[in-house]
Amino acid sequence: MSEPFADILETFENEYPGRDYTIEVVAPEFTSVCPRTGQPDFGTITIRYVPDRRCVELKSLKLYLQRFRNEGMFYEHAANRILDDLATAVRPRRMTIEAAFTPRGGIRTTVTATVGKET
Amino acid sequence: MSEPFADILETFENEYPGRDYTIEVVAPEFTSVCPRTGQPDFGTITIRYVPDRRCVELKSLKLYLQRFRNEGMFYEHAANRILDDLATAVRPRRMTIEAAFTPRGGIRTTVTATVGKET
Amino acid sequence: MSEPFADILETFENEYPGRDYTIEVVAPEFTSVCPRTGQPDFGTITIRYVPDRRCVELKSLKLYLQRFRNEGMFYEHAANRILDDLATAVRPRRMTIEAAFTPRGGIRTTVTATVGKET
Amino acid sequence: MSEPFADILETFENEYPGRDYTIEVVAPEFTSVCPRTGQPDFGTITIRYVPDRRCVELKSLKLYLQRFRNEGMFYEHAANRILDDLATAVRPRRMTIEAAFTPRGGIRTTVTATVGKET
Amino acid sequence: MSEPFADILETFENEYPGRDYTIEVVAPEFTSVCPRTGQPDFGTITIRYVPDRRCVELKSLKLYLQRFRNEGMFYEHAANRILDDLATAVRPRRMTIEAAFTPRGGIRTTVTATVGKET
Amino acid sequence: MSEPFADILETFENEYPGRDYTIEVVAPEFTSVCPRTGQPDFGTITIRYVPDRRCVELKSLKLYLQRFRNEGMFYEHAANRILDDLATAVRPRRMTIEAAFTPRGGIRTTVTATVGKET
Amino acid sequence: MSEPFADILETFENEYPGRDYTIEVVAPEFTSVCPRTGQPDFGTITIRYVPDRRCVELKSLKLYLQRFRNEGMFYEHAANRILDDLATAVRPRRMTIEAAFTPRGGIRTTVTATVGKET
Amino acid sequence: MSEPFADILETFENEYPGRDYTIEVVAPEFTSVCPRTGQPDFGTITIRYVPDRRCVELKSLKLYLQRFRNEGMFYEHAANRILDDLATAVRPRRMTIEAAFTPRGGIRTTVTATVGKET
Amino acid sequence: MSEPFADILETFENEYPGRDYTIEVVAPEFTSVCPRTGQPDFGTITIRYVPDRRCVELKSLKLYLQRFRNEGMFYEHAANRILDDLATAVRPRRMTIEAAFTPRGGIRTTVTATVGKET
Amino acid sequence: MSEPFADILETFENEYPGRDYTIEVVAPEFTSVCPRTGQPDFGTITIRYVPDRRCVELKSLKLYLQRFRNEGMFYEHAANRILDDLATAVRPRRMTIEAAFTPRGGIRTTVTATVGKET
């Protein structure tokens, strides 16, 4: 993936920074392209995080995820890449990404990655 | 949100203060208005708490939640606001709010916040 | 509730007192009456306990729960009352009651209470 | 309901008038107000129709259904009213409305009405 | 059952008598008493009808069904009795009752009865 | 099966013979023995009938079905045998038996048979 | 498929030929090989038939279906082939085969075929 | 949609033309672009047909459906277009398309269209 | 229960004794007889264990569980008896039995017991 | 099993070795042969691991699992064998195999095994 995607991500101020609370965002319409075959892949991205000073603005998140639509990328790398981009944008206290892809060849894959300390 | 909502909340005496026990209330008919677009949002509010000396009276809770019906408010703020209002009213030993909103733009959001020490 | 209900509860000897094991009883046909409106309430009572020297006899438990049928009582008090009556009858090592009521006014309530030390 | 609601409904040309085909629209976020108690009601509206020369534009349908948000109306009348308004706007070959409301007092109601001949 | 129950049923005018449409009411909190054993029975009553000039008022229907709470009656007779009482009250074009009872002795029973011509 | 089973079946008078209505009985705890291997088989028996002058008494039906517990019989024959015995006992206007057995060797079998004219 | 498979099928006498009744057999462990790629395919075969003078013996049916395990065959042809073999073996009054295959490339296929007149 | 898509569709010979049988293909990974907003839409396409002399080759069908990925098109037109393209390619005795799209603005749409006579 | 049942249990050597791993066996076709009423009871037995040097042979386990078929025994005792017999036969590092019985009198019971240290 | 299977497994470099993250692969189309009866067994293999320097390439994993298709092996041994082969190929920080087999004789078995320290 040659271009940066994360510049489209917007954030807004967390008005409750004195409290550790959790925001979960589920995006079941994620699609990218297999780098080997050129065939589309489909999956559900779940993002769970404890905000510090900033929250992800949801419309910009939707547009960010749409940028993967015609991009070739392995499952394992896509999940870690999204985690890195979001963690850089909102600097959360803790964030987890779960990327669950639809079956290929009768095999179904889910990748889960986390940054930040356990709360 | 310019006006206070919490004055409508009523409480009654907890007759079992010597025991830590849990009350869970699920309100699947929550609706408010998006502050940007003016469009209605819909969601389910789940409240889980260990009472100390007072319990929330359920009919007043229903009326309290109805006050958000025509109010503009972000998801993250609505959840924390409900938690603050209820915690002030019943002074629980511990209370958690889970606010799960229906999808917008193919994206589904849930906000969870807690006050009080772990039991 | 003026009369005692618990006198109907029967117990039998636990033949395996040397082992901590769990008995779960689910009674989905519980009904009582709202003390304010006189309207019937419906719910499911789940009892989970580690017996010490006695077990609850199931037919007597059924008859005990039927005594609430025409009795007025708040949810929170009914759950704690059942726990007290059963714990007095069988003296368990640990016992939990979960009382889940059907929705009223679009709001669903569950009360959970425990006696005895964690096992 | 003193004012007309249907003026907001927009339609577009059906490009396949030579074929009888079915469009189903499900709107699970319908809410109105009980004319007796002033309490909000919630329900799911399902619209199924065979278009003739016009189709309902979906965004205008959403705005039309939102107009019931603060209006008092019985279930039976709301369902028939929506059917009348939509049938007037698109002149379908056949149209069915199913309005399923959430429980009140432990009772759940669904109203179904149809215009046009069986296909 | 010595007393009449049906006098509590209220009706209101059907504002759309020119159209055959269907009203379905589901009451999952029905309970009566077994005439042989005196034990409570539980079930779900589903009423489906095409109104003519009158509709059943739902709150009065709820109160009507509650009158069976402490009455002894066989399943087969309860279903037919409810059908007779409701059909007398609203004079529907067609009405079906489905009474599904919870299991007794590992056996589950459902009784279905209809009045009026097929529509 | 050398002995008659049906002598245990009891019936009671149908108080609504003027109406064609349906009684469905589901017995999910049916068990018999495979005549070839001697291994137990398990299944769910569903009986659906329109009574004429008599109804099946449910407790006697339960005892009747228990008589198959240690009897060897093929699936196809058990279903038809139950249908014959019940139809002889109650002389229904119409009766259907559905016998659904749990899988053996990864294969699941359901047998359905009917007597009486379509209603 | 060069060899005949159907010679393994065994049948037994239908003891109730005077009655039209239905036997449904579900075999969820069917597997064959894709003739193009050599990759295994998986599916569920459902057989529904009204017997005339013979019924399929279930163990022989299981062995018959296992013969496809290492055979290359298109979905559409496998379903029709099974129907032809079974219909030849038992000469049913009516028989339907439904073959539902697990997804390949995100696409799921079901083939349904019938012999004999409608009953 | 300026270009033809259907040229990619391949067919193979139906080896059982003497029998009316049904092939159902479900493609839950369909995606196109909203012609108004440029935002991606997602849906499930179900194709059900009775073949005459040709069947749709599944890999070419998958590639055909992928051509909609970056194309702008209304729901109603996409469904009818797919039906026209497929019916032209395989000349079925009967074919139905059901296109079920994921919710937008809390509203879910399904379009169903058919060619050919009822079988 | 006068006779020993456990002599039918067979075991085989665990080829991976160097590793703590878990074997779960679910037997949903368990049936015994109520010692008070003589009526059959039905339930699902779940066995979960970490083997040491021996594993339970599954066919012998099936035959062992069938021995309860015509035996009278209370729920609580049956679960503990199965645990004792199996633990004696395979000497596991840890073993749990969960016995879930179908409802009687509207009440559902599950008994869970464990031997061996937590892993 | 006389031949090695694992030589077909391919791996690729983990580009995020600095992070402990989890990859879950579910393969519901696993089949092998019972070593006693020669009958096919079916099951679902779930692999969950934290990669160190290498990840399993999914197509090679699919081909590896297909090698068990005509091989005789006990459930308990198959699960441990797959774990050993995969752990040798990718040297994970932690890996768990769960092998859930379809019922035989009314009994369902699941084997779970783990290598590596808890994370």
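Every chain is named by a letter (A, B, C, D, E, F, G, H, I and J) in the order it is written, and numbering of its residues begins at 1.
Throughout what follows, a contact is a pair of C-beta atoms (placed from the backbone, for glycine too) under 8 Å apart; a residue touches a chain by one contact, two chains touch by 3 or more.
Because the structure is a prediction, the values reported are computed rather than measured.
Common partners of chain D and chain H, by the touch rule above, are B. Which listed pair repeats D-H comes down to matching contact pairs by residue number; over half match for F-G among B-D, F-G or E-I. For the touching copies chain B and chain D, the fraction of interface residue numbers used by both exceeds half; the interface is of the same-residue type.
A straight line joining the Cα centres of chain A and chain F is 56 Å long. Chain D and chain G have Cα centroids separated by 45 Å.
Here the CA centre of chain A is 28 Å from the CA centre of chain J. Multi-chain contact residues of chain J, defined as those touching 2 or more other chains: 28-29, 39, 42, 102, 104-106. Under the contact rule stated at the top, the pairs of chains that touch are A-B, A-G, A-H, A-J, B-C, B-D, B-H, C-D, C-E, C-I, D-E, D-H, E-F, E-I, F-G, F-I, F-J, G-H, G-J, I-J. Residues 14-16, 19-29, 51, 55, 58-59, 61-62 of chain D are the ones that touch chain H when the two sit in their complex.
Taken together, the chain D residues at the contact with chain B in this complex read 28-29, 31, 39-40, 42, 66, 69-70, 102. On the side of chain B, the complex with chain H involves touching residues 39, 42, 102-106. Residues of chain G that touch chain H in their complex: 74, 76-77, 79-80, 104-115.
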